[in-house]
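Here chain A shows up in two complexes: once beside chain B, once beside chain C.
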Partner chain A sequence: MGKFWAVFFMVFAVACVALCAVAPYCGWWFPGDGKAHSTLGQKIDDLFYLILVIVTVTFIGTQIAIGYVLWRGATHNPNEKALFSHGSHTLEVVWTIVPSGVLLFIALYQMDVWAHYRIKTYFPQKMEPVAEVTARQFEWRIRYPARGKKLMPTPQPDDIYTVNDIHVPTGHPVAISLRTEDVQHSFFVPMLRVKQDAVPGLVIPVWWEMTDTGTFEVTCAELCGWGHYKMKAQVVAQSEDDFEAWKTTTAAEQFYDGVPRSATEVAQRPQGE
Partner chain B sequence: MHGRKFSMFRHSASAALLAAASLGLVLTGSGCAKNPEAQFAWRDSTELLIPDARKTVQKTMHESFGTPHDLVAWARMPVQYGGLAPAAAATDDAAAGDAAPVDNGPFGHQLQLGRQVYMKNCLHCHGVAGDGAGPTARYLNPKPRDYRLGLFKFTSTLAPERITRDDLHRVVKYGIPGTYMPSFLLLDKPGTGDVNTKAVIEYVRWLAMRGEMEKRIDDELVDYSLASIDDEIAKAKNSYESAKASGEKADPPPSRSALTRKAAGDFKTYLAEDYADAVDGTADFIAENWIRADEEASLIVPKVARVTDNAASRERGRLLYMSDKTKCYTCHGHTGKGNGPATEDFWPKPGSTEKYANRGLHDVWGNKLSPRNLRQGQYRGGRRPVDVFRRIYAGIKTTPMPAFGGTVLKDEDIWDVVNYVMSLPYEPEVPSAGPAKAPRMAATEARQ
Partner chain C sequence: MSTLTPSIEHAGGHDDHGPGHHAEPHSLSLLMKLPTFSRDHKVIGLQFLITTLLMMMVGGALALGVRWQLAFPWQRMPIIGDTIFAAHGGQITPEMYTMLVTMHASVMIFLVIIPILAGAFGNFLIPLQIGADDMAFPTLNMLSYWFMLPAIVCFAFALGLAPEWLSGVGGMNAGNAQGWTSYPLLSALPEAAPGSQMAQTWWLIGLTLIGVSSMMGSVNYLTTIINMRAPGMTLFRMPLTIWSMFITAILQAFALPVLTAAGFMLLADRVMGTCFFIPSGIIVNNAAPTVGGGQPLLWQHLFWFYSHPAVYIMLLPAMGMVSDMLACMSRKPVFGYKPMVYSLAAIAGLGFIVWGHHMFTSGMNPALGMTFMVSTMMIALPSAIKTFNWIGTMWGGRLQFNAVMLNCIAFVSLFIIGGLSGIFMAAVPVDIYIHDTYFIVAHFHYVLFGATLFGVFGAIQFWFPKMFGRMMNDTLGQIHFVLTFIGFNCTFFPMHLLGVAGFPRRYADPYHFPYLEHLLPLNQFITGAAILMGVAQILLLYNFFSSMFIGKKCGRNPWNANGLEWTTPSPPGHGNFDIPPICYHGPYEYSSPLSKDKDYLPQTEYVPLEQRRAVQAKPH
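Right, the complex of A and B next:
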């Protein structure tokens, strides 16, 4: 019976490792293609993978040790006399020092990423926000400055407005000013590894740097009311030129006075904008 | 006369019934009752008809529109039900050539998809019947729209016309800032042709037509309602009392049961002679209105491009705003904060001398309304200049905001007012001087 339990626990451990190994190929991993699409997100992922390696080594090591002990216990000679031990001081020191060292290493090593986000070069207060994102039950409203202008803290006549549609340029770090109109919300872009609470009364700068163009889902990560689940938006990352062109067309639509100007516009008018 | 029925649940109904019966004991025993089945609630005016009339209306509505589980695609309503109607499919082969891509789906699929999207996203505020009385509605101010008058506020059409599909599309896509209507921009994945959005718009239009149909038939049958019987009794009683007081001889007032019997008898005649025509006429009226809304002639297109937005134009706009021609300030206030003197008055209910219990303005549903605070920079019907132009041109339907276009103001004047109003959020708050105190009034007059 002892052998059965030894094998049982080992099968369980092997199954765990195997399941984790195939998970990324079955879509049971990070959202989207599994990669972070912001520079900081990649650093955060690196930290995650580092810790994953450490715990994997630890897990496999301890499981092998447990398996060895169980198997030894199941196959020992019943006539053998039990060994009585008061413990090993050396062993205790080793298994205290080694994990402490590992933890201390993680604690110190990750500080660089934190500093990179909060303190180093791109501390967001040194950056010009591309847009003001205002959370509200249950949508995201976005205000951009006009082309070639800076975002002002209060609305300006030539500001451009969108809803649930956040366009940002790639190639350099971008920042947004995050606000909420009512309750607490949380701006979460899983594929960028960006998450920041929006707190009533505060304007919170959030920054990231896109690594490529694409469309990325935004969700609310703070239960904000009955419509929380439908509070979705998208981040559309575009090249600098596309971003500026998008601003131009969006501004043209926003300042549309309803008078058809050309033959093509006349043809398009009945379908709306 | 009627379209085809299609059922979502009928086939699985018997199997489900069996399962439900066996589960029923367990579920009710543990306090976990089945959700009530979705139903189109009847208007109060339907419930208040005498029984024969009520049953007749309900029968007509069932035949023409069905129930939430068993929709009827009534060919007379201008709704894109999706697919080819069975009758049209046989005869329409030649005509289909120049139409847009032929929709080969089963007839009614768009309405069914619309129902599905509506039930998931809209129902909890707007209600099953589109009556604006879903479970979350009671917590909201402003109230969710009650579609059943067929009237919507933010349209691009002339004052008497209905809302267009494009207008509904904008509202669903971008929401209504300042209200609880959120944006459903991402309801459809990009490149899928807005299938869900288009379907839910058809469903909303269909609900609006259904609601208006019920209301208009009820209005036709108002003589056969319990309320009118009450009225008649009260009137007869009054004349009897006054006759008695002056010593004349008079018949005592008739009993309620006699009057109800008489109304039932009258209704029988009406049903045999006029009812079918009334339903026909109502259906035609509704269908024509909704078809006309999407025609190009109903769209408000400014005759002139936006007048250059400069200080002179804004000043002209300001003087118009303060003039007795428009009286904008009476509601929107001298500083544009939506606190004009009209908000302090008691206003009579439409079509009666009775006044609302609360001060201030009301919409046709009887909800209290605040005139828009023009300094917030929040534009419920859209912030494009053309949106604000259309608000002024055709007014805001269902609200006291009147239509100025074509009659009171020329298009150039409207643009001046648009320029003034849209500059307000960025201007310091100085009360506008009235025309009497404004020396430059002459400039406005010279322009006209």
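Right, the complex of A and C next:
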């Protein structure tokens, strides 16, 4: 029976590795096309894969060790006493120093990515916030400055507003000012690998740089009440020109006061108004 | 009894004809005292054990509710749906879903894992293993159990189980739903959600009572272990179970006051109008703007300052017990006893300076993030050392593949997965992505269920003979193990993949996001596996309760183990030891050349000096 259990635990370990190996082909891997669509996101993915390699090697090594000791234990002569050993000083030293070296390497290796993502002195130069994103139960409200203006901390008369629709230009780093109107939320764009909590009372700058255009889903990653799952929004990444054009049309729609400005519009005016 | 070291024939269940037969207490003597205010540590341990096992079924049922919604969102729940959710066509509502998520975690953490380790096994084993007749403060010990019952009532109120006139909670849709972390402002402002009203207050009161219960336990354990060890039981002759309970008690004694204080601050914010955690000008659900001056992040710091050490409170005792069981079932000394002790201490020490890794995306000072990242990476080191030592313990052993051993192997194997997945989230940049996704859910279930609960399943079957003088059925135990192991891995391993796919936690309906649509079949598979795992626990309960009456009778030492607890009658009478024990060896002298006729050397067995010299001189 002992041999059966040794095999049982080995089959389990093989199944774990196999499942991870086939997962990308079954769609159980990074969302969308599997690539990060921001520059920092790509670094995060690289780091993820590096750790995955280290972890897989460790996992296979330790599981083989378990399989070996189980098999040896199962085939041990039942009339013979077990090995009488209280341990090995050399082994203890080896398996203290080797893992600590690996762990320290991982810890120091990743500091740069974190510093670039969060520490202001490492932020890209000349980066103006493109919009203010305000979370509330249960939607995202976005405020843009008027075309050619800078985002002010307080709302301005010519600001442009959208709901659940965040437009950003590509080609250079963009930042948003993240805040919340009520409880804590978290701004999560899975395909960009961007996540930041929106904390009541704080305005937190979040930046990223798009690698290509497209539409990317935004979710809320911090429990914010019964409608937590409903906080769906999108990041629309456009070329600089498209972004400016979008701003112009959105501003025109927003400030449209119902008074027609051209002959065509007069002609299209419904009767009875 | 004529001897304190029963021979193998005595131990194998044949001592019915032994001379001490009449001295053995009735096998159900502990069970019969269960409904009393007993001050006997063994009865209190059993009270904790049975209460927590029942609570485990409650917590499991809540989890199955969560799984139902994730596999079949907004569909009529079978069997109980029409009764509980009659007003909603048998569906789980989103309010209800967030309540299930919250209360599953709260019940499992505060009413199952913490009390089953420290409360049940800590109480039962500490005096027995150190050779004391009881705890240092028996009355305090009794109170530590009886403070847990009102906490259960408070949690039931928070769940919305009581009528509204009594608890002020309007049914389960208004049950506590702020997550077990209860982050303000969701938890601080009653207007924020239906569950933020009375239910949150009950939850906080329940939490405080649990804290009081744990605190009474921990001061008791510390005093008992320091002061009441048997002669010869030096610190480095203590079983690792005792070391782990000792270190756990230190963690509790230092971390709990912080949580209790934070709980009272939040309570004050809710009912007295203070603003410890509430900034100004916040408008929730059109209520009046808050006055403010507070900081929501303060709660997170205080909460995790307790709750991260609490993770180790939920793990270290299982580590200790597994070390004991592995040594016994491998018939070998623990590999590297002292490194095991030092790494326990290192985990506890580092455990106090890693709480910030729960807050990498919270907006705290990013320089703090780096500090916490390094300390978090370093805490993986003592865990790795322990793992290697467990494997070393089994190496070259004469392994006994019974249900106890299988659960312990599973503990080691699954703890490796839980530990390795932790490295991903210790890396701050990677954590940015996987924070609050199912990757985290997979990780902590591998540690808390895969490691701790499998260790507990082993421990229940290992020490059951000491509680009732009978063995649990090993075949049933093995079937329970296989079903649980398969169900567990099929449930939680795929959750890593869900997390990599960006599947967020605590979503009542994730599938309206196009990037998550294709994950529905995988979630249905997970739910199936979770049901299997849940059903398998009925086997454990059946085995546990039926073996009290029909289990094979056994003597004092059915496992041929070394610890002091195996020299007492099963179950031990009041005062535990019929002859005060004297300890001559460490607890793990299995297969020692000092003992000729058997492969174990009880801690109480004196080996004459000449014999020791003779063995030392002989190379082996």
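Methods note: the second predicted complex is superposed on the first by the 239 of 273 C-alpha atoms of A that agree within 3 Å, B and C clash if a C-alpha of one lies under 4 Å from a C-alpha of the other, contacts with A are read in each partner's own complex, and residues count from 1 in each chain.
Convention: a residue touches a chain if its C-beta (ideal position, glycine included) is under 8 Å from a C-beta of that chain, and two chains touch if they have at least 3 such contacts.
In this text the structure is predicted, and so the values were computed from the model without any measurement.
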Contacts of A:G258 with chain B and chain C, given as first, second, both or neither: first
Touched partner set for A:W226, first chain B, second chain C, both or neither: both
Which of chain B and chain C A:Q137 touches, first, second, both or neither: both
Contacts of A:A146 with chain B and chain C, given as first, second, both or neither: neither
Contacts of A:F84 with chain B and chain C, given as first, second, both or neither: second
First (chain B), second (chain C), both or neither touched by A:Q156: first
Partner chain in contact with A:W114 - chain B first, chain C second, else both or neither: second
Partner chain(s) touched by A:N164 [first = chain B, second = chain C, both, neither]: first
Set intersection of chain A contacts, chain C complex versus chain B complex: 137, 226-227, 232
Interfacial residue positions of chain A with respect to chain B in the complex: 137-139, 141, 155-157, 161, 163-165, 215, 226-227, 230-234, 253-260, 269-272
Residue ranges of chain B touching chain A (in the complex, touch as defined): 121, 124, 136, 166, 169-170, 174-175, 177, 180, 182-183, 185-186, 190, 296, 299-302, 304-306, 377, 383-386, 389-390, 415, 422-423, 425-426
Chain C partner contacts - residues on chain A that touch it in the complex: 1-2, 5, 9, 12-13, 15-16, 19-20, 23, 27-32, 40-41, 43-44, 47-48, 51-52, 54-55, 58-59, 62-63, 65-66, 69-70, 72-74, 76, 78, 80-88, 91-92, 95-96, 99-100, 103-104, 106-107, 110-111, 113-115, 117-119, 137, 181-184, 186, 188, 190-191, 193-197, 199-202, 204, 217, 219-229, 232
Chain A partner contacts - residues on chain C that touch it in the complex: 93-95, 97-98, 101, 177-179, 183-186, 189, 192-195, 278-280, 282-285, 292, 295-297, 330-337, 339, 361-363, 366-367, 369-370, 373-374, 377-378, 380-381, 384-385, 387-389, 391-392, 394-399, 401, 406, 409, 412-413, 416-417, 420-421, 423-424, 426-430, 432-433, 435-437, 485, 489, 493-494, 496-498, 500-502, 504-510, 512-516, 518-519, 522, 588, 590-593, 599, 620
